[in-house]
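Following are the structures in question.
Presented sequentially are two complexes of chain A, the first with chain B as partner and the second with chain C.
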Partner chain A sequence: MHHALLICIKDLRQRLRDRTAILTAIVAPLVLTALMGLALGGSQGGGGGMRLCIADLDHSKLSSGFVDFVERPALGGLIRVEPVDSIPAAEQMIDQHQAECAVVMRPGFGRAIASGNPPPAEILAARGEEFARQGTSELLRNYIHHAAIPHDRAVPEVIPRSAGGQMRVVDFFAVSMTVLFLTFGVLSGVRALQTEVDSRTMVRLIASPTPPYAIVAGKFAALLLIGLIQMGTMIAATSLLFGTRWGNPLPAAALVLTSVLMAIGLTAFLMSLTKNAEQGTALAAIVITLLSIVGGQFLPPQGLPDVFETLTRLTPNGQAFFGFLDLAAAGAHGTLMTIAQPLAFTAIVGLSGIALAALRARRSLQEMT
Partner chain B sequence: MRLSDSLSVIFRAATVSGAGVRRDRRRLVSLFLVPTVVMAVVGFAMGGYSSASFEVGLLDQANTIESRALAAALVSNEHFHIRDYTNEERLKIAVFRGRMNAGLLIPPGWHGDQNLPLYLSTASGGAPAVVQTGINTELSRMAASGQPLDVPVSYPEGGHGGSQRLGFGYTAPANLVLFAMINGFVSALTILQLRESGISRRLLAAPRRTWELLAMLAVAPAQQIVAQAVFLILTPRLFFGIHWGDTVGLVLITAAVTSLAVAIVLLMGTVFRTRQQATSLGPWIAVAIGMLGGCMWPLEIVPPFMKTLAHLSPASYAMDAYLGLIFDHATLSEIAPDIAIVFAFAIVIATAGIVRLRPQLSR
Partner chain C sequence: MVTTTLRVRGLSKSFGERLAVDGVSFAIDAGEIYGLLGPNGAGKTTSISMIAGILARDGGEITIDGVNIDAGPPARALIGIVPQAITLYLDLTARENLDFWGRMYDLTGAPLRDAIASALEAVGLTPRADDIVGTYSGGMQRRLNLACGILHQPKLLILDEPTVGVDPQIRSAIFDLVERLRDAGTAILYTTHYMEEAERLCARIGIIDSGRLIAEGTRAELVASLSQDARIEIGLGRGDSVERAERIIGALEGVRSAKVENSHLHVIADHGASRLPAMLTALLNAGVVAQSVSVIEPNLEDVFLRMTGRALRD
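Coming up: the complex of A and B.
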């Protein structure tokens, strides 16, 4: 036990002194999360709101009501209205990138609605602002249909509901990058271990009076602690920096543990397939990158084809990723049952990988001795 | 010493390094297979965005004439891409994860007279508000018994709104630029190896001029980057039908991108202190620069301040040029400013690298 502890502490010290490993495990995922959150957090026209020009050339009660309709509280101040008095003025606003879209209500707009005819209106849109155009089009059509209905008649509408906890784009990528870089962080530890095998340090250790199980236990405990420290740091950092919520702490801790096991198992197994640490690191880096791409971890979630849902479920990193997302969705109600599948999947992959890697390592050490 | 002699030495260095790469299967995989897989997967994923529509999940538990009419109206709405769900929990999770902008639940016994619950995603900016308005449009149209209404759209800047620059036409150049930069950062390894092994000191002692030594250092990564770039141009052309546009423009912007990558090799070979830094950190620095410059998603969808920040990344100019060639059939003169800026980045970075390189090689 004493020997195992000494080996574990020595390995941990070595890892924590490795500034490159810390940069890769902590700083890189935080920078990428911040970039992705900043870039995509306001996508689809939501970030800074939309600037909408309104040219009311009709000056009727119905046409002037459109401004109130657009600025109503239900739209959450997403649209900033810029009234103009002519079509050239609206065109100029769009030309000078002062507005994404403009609505022109020509004379006769109110009369046409009252008589049940399509009103003379058009939308001017800036190039490349498709989402703004779609939003403007929906707003105008909604207003025209709404205005045609008698006031005493109730019109059904949608009532917004929350789909669960808080999940912004930055939270999505915080989880994604934390899981992805966990494998890279653990990989640097596995690489150091393999380097000791390559340089025959491990053979000398085994030849020493230290029991082999103590060496294995010490090395494994160090890898486990590296992964747990990394996950803990990332969870704390993303919570503080981005306000990401990770759900109920107890099931989250269980998933952190099985995810670390998964990362150790996956990287150790890949490392064991190669001849040396350099080859193993390259192979593991390629496989992890491909798994993360296939698992949709680098892609904005909106609009991904359904097949990515299945692919993500088939990858161990994807299982951990979805597990943490599901926990965040469940908020305080999250239990071990919420993440039963990710827990089982990551644990099985982790333990199998570790067992296979240990078998192969044992064989190669026997060959060396 | 004659120029032909110098070129012969550089050519021999290129031949030796080329033979080494051809024998290294891992290098070949990372040079050619990984970018191809990434391009194919991301290109396929981006196909999901190509209609620039909002993703709406629909769970119709009513199955009445009115609910089916509403579902049909939503399906025919060009702004929505409707996906049917059979389970409320799955619908909520899909909305929560951001795969759906919103999820509409039509409860049992709905006959067009009650309000409808709509799950809204918090992960997609202002899109849910638009979806909410769009569904309200269909509800009010049904209540008014009105016909679908087409509102004419015009574009004062000329042309048409067009589809977003997505799909393989986007991911092909994005991966070319991204992997050229990744290659540049990782290939800094070659200079680090020379420094670590002491070969660089011996090279400096050789009767060769400085430019010849620099050329020998640059030629190995340069040929890999060029080979990768050519492969990443031909593969999407042959398998995904990507037309790269004006040939001269394509050659020049690709030359600028490969020069940029070689310049990165020269600079980062002096900045990174260990081989591990080059292989572990290098790719992520390249990914961050690529993200900033629009190699991961179109810059059209990022907020204005991120568009401004993108100008700090040479990748944004390279992407502008490639996308102009592919989507707008731009001419050489139209993309010339972008090409010039990428070359300027390459010159500045290479100069900084060369200034730092000689004293470091002699250490």
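Coming up: the complex of A and C.
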């Protein structure tokens, strides 16, 4: 296996010399995260988290339960509740930028929920706080859904849906840019592999006393390491620079691994459909960008028709992306089960893509020699 | 005592319906350069790909220094290959390229360092050893390509058209290096479609066409098989009746063919040089004056033409 190690080291050396790849993998996503976070973050700053003003005019068990729901540990302090006792007070909080959003639960809120009717509630948001408004709306809808279950069942500690707009804007883009540029970073490695076939250095490799499995192992190890190093760097950098939380380390590491596999499988398969590295790179770039748009990485789906939220979950990058958001929302309570679906989806896509690419590569290798 | 380094028996390969290599057999001794000569698409590259263990063969046997190619890594370790394409990592330095390839052939430590230094010296690239290969000229890359193939001092060196696209100076340097390797005892399989290269370098030549080895031997043996046919070119003056000259010469005893092309009469005759006076006398008697006369001894191109009906460079 030392031949595999030599190949892996050689590939890594080549990637580290590629300044464009490093810019794409690390610098670009960090810069974009900062810019998008600044541009769309509104007045969310300072101590972090969204300030949510709650006017409980109902004073029922269910209305006060909403405050508990918003403040519970699973949200990791992402939302700071500012209680008020009237609608004008809530409006004043918004006007004076002391809160991004306000929820007004009018009298009859609890009775309506208990009887299965739409509860009298409204959401107030400042101009430009569309993101916060969408997130708060989602939060309230989520609570009402869980509040409608029998009262002797505990409200789940972990929010089963994506935190989405419940996160800070900068956190949203930290995760989305990390996943997006992971694929581009791995693509540079896959491109280099295809270039090795195009330039026929692969022929010399095969002619050497290196077992075929060592060539495959070395190449795969290099791609895996590229992805893992990139993800690790981005997680560390966004945590340090923006205070982004990525959730429980163990499940997060598992999702990092399957996300990297997903990126390798997707880019390798797309590359295998074309004749050379240039064509493959162009095709992969288009597909990755489209998948990222559909995958909700540029815009949270909460503000779009419901069909988009379904579509995001059908894309492998969308699964990875929302998996990370779910983990972040779950905080220390996150487990592998929290992200079971994203883990399985990304792993299957990754391994399938790798297998299909390998089959196609074997055929083209025979034609090449 | 001369040892046989490469032995190829009954090599065959098909791609779908097309039989690319059909029963090719030959052997190369240590310290011998064997030329595989043939036009593009004759099966040269397919044959050497199988010999190098890159391409699976459909039939036949290949041994290198007694080791069957099916043994895999132990056999491939005995082979050095210099592909026709430049197979280098352009984003690494020459030294890094050689270091990598040396390690892939299990060289390490001092032997690896010495081998790198020797290879760089042999191809004249020591001053540029630490420059990125992408900054090299085409000729320099071609030389480094060769260095990567000889680094581990293989028993068998396969050179696949190593001088394609290089200038005469680089070609000459490559020839010198190949001859030095031969003198050091390396068995060399050299493929080319340039007759001149085969004639200069190769002790024995195999002529391959349409996947079959149609002739084999030394240059002298192959040319002798043409039964001493010599080509005579007679340059005719303007105003001369070339058709009449063609008829006159064509009618002479021993003349096999006489064709006019661009005011030159091309004649093939038995014992051609000895029949030249009779040809010139016949032309003079007919009032045709020869402007120039050349007697061209048969060469490998003629051998190929006789055997296949086509030119080597068609």
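Here, the second predicted complex is superposed on the first by the 242 of 369 C-alpha atoms of A that agree within 3 Å, B and C clash if a C-alpha of one lies under 4 Å from a C-alpha of the other, contacts with A are read in each partner's own complex, and residues count from 1 in each chain.
Here is the rule we go by: a contact is a pair of C-beta atoms (placed from the backbone, for glycine too) under 8 Å apart; a residue touches a chain by one contact, two chains touch by 3 or more.
Predicted, not measured: the structure shown is a model, and the values here were computed from it.
Asker: Could you say whether A:Phe324 touches chain B, chain C, both of them, or neither, answering first, second, both or neither?
Answerer: In the superposed model, A:Phe324 contacts neither chain B nor chain C.
Asker: When the two structures are overlaid on chain A, which partner does A:Phe66 contact: first (chain B), second (chain C), both, or neither?
Answerer: neither
Asker: Counting only touches as set out at the top, which of chain B and chain C does A:Trp246 meet: first, second, both, neither?
Answerer: Neither chain B nor chain C is touched by A:Trp246.
Asker: According to the stated criteria, A:Phe298 is in contact with first (chain B), second (chain C), both, or neither; which is it?
Answerer: A:Phe298 contacts chain B only, not chain C.
Asker: Which partner does A:Arg133 reach: the first (chain B), the second (chain C), both, or neither?
Answerer: The answer is first: A:Arg133 touches chain B but not chain C.
Asker: Where does A:Phe220 make contact in the superposed view: on chain B (first), on chain C (second), on both, or on neither?
Answerer: neither
Asker: Name the contact category of A:Phe269: first (chain B only), second (chain C only), both, or neither.
Answerer: Neither partner.
Asker: Applying the document's definition of touching, compare chain B and chain C: which contacts more of chain A?
Answerer: Residues of chain A touched, chain B against chain C: more for B.
Asker: Mind pulling up the chain B residues that touch chain A in the complex?
Answerer: Going through chain B, the ones touching chain A are 26, 29-30, 34, 37-38, 41-42, 44-45, 47-49, 52-55, 79, 81, 83, 92-93, 95-101, 103-104, 112-130, 132-137, 139-141, 143-144, 146, 149, 151-164, 274, 276-277, 279-281, 283-284, 287-288, 291-292, 296-297, 300-304, 306.
Asker: Which of the residues in chain A come into contact with chain C in the complex?
Answerer: For chain A paired with chain C, touching residues are 3, 6, 10, 13-14, 17-18, 199-201, 203-211, 366, 369.
Asker: For the complex, give me every residue of chain C touching chain A.
Answerer: Contact set of chain C toward chain A: 49, 52-56, 72-74, 76-77, 79, 81, 83, 85-92, 96, 100-101, 103-106, 148.
Asker: Spell out the residues on chain A that touch chain B in their complex, using ranges where they run on.
Answerer: 20-21, 23-24, 28, 31-32, 35-36, 38-50, 74-76, 78, 90-91, 94-95, 118, 121-131, 133-135, 137-142, 144-146, 148-149, 153-169, 171-172, 184, 188, 279, 281-283, 285-286, 289-290, 293-294, 296, 298-306, 308-309, 322, 325-326, 329
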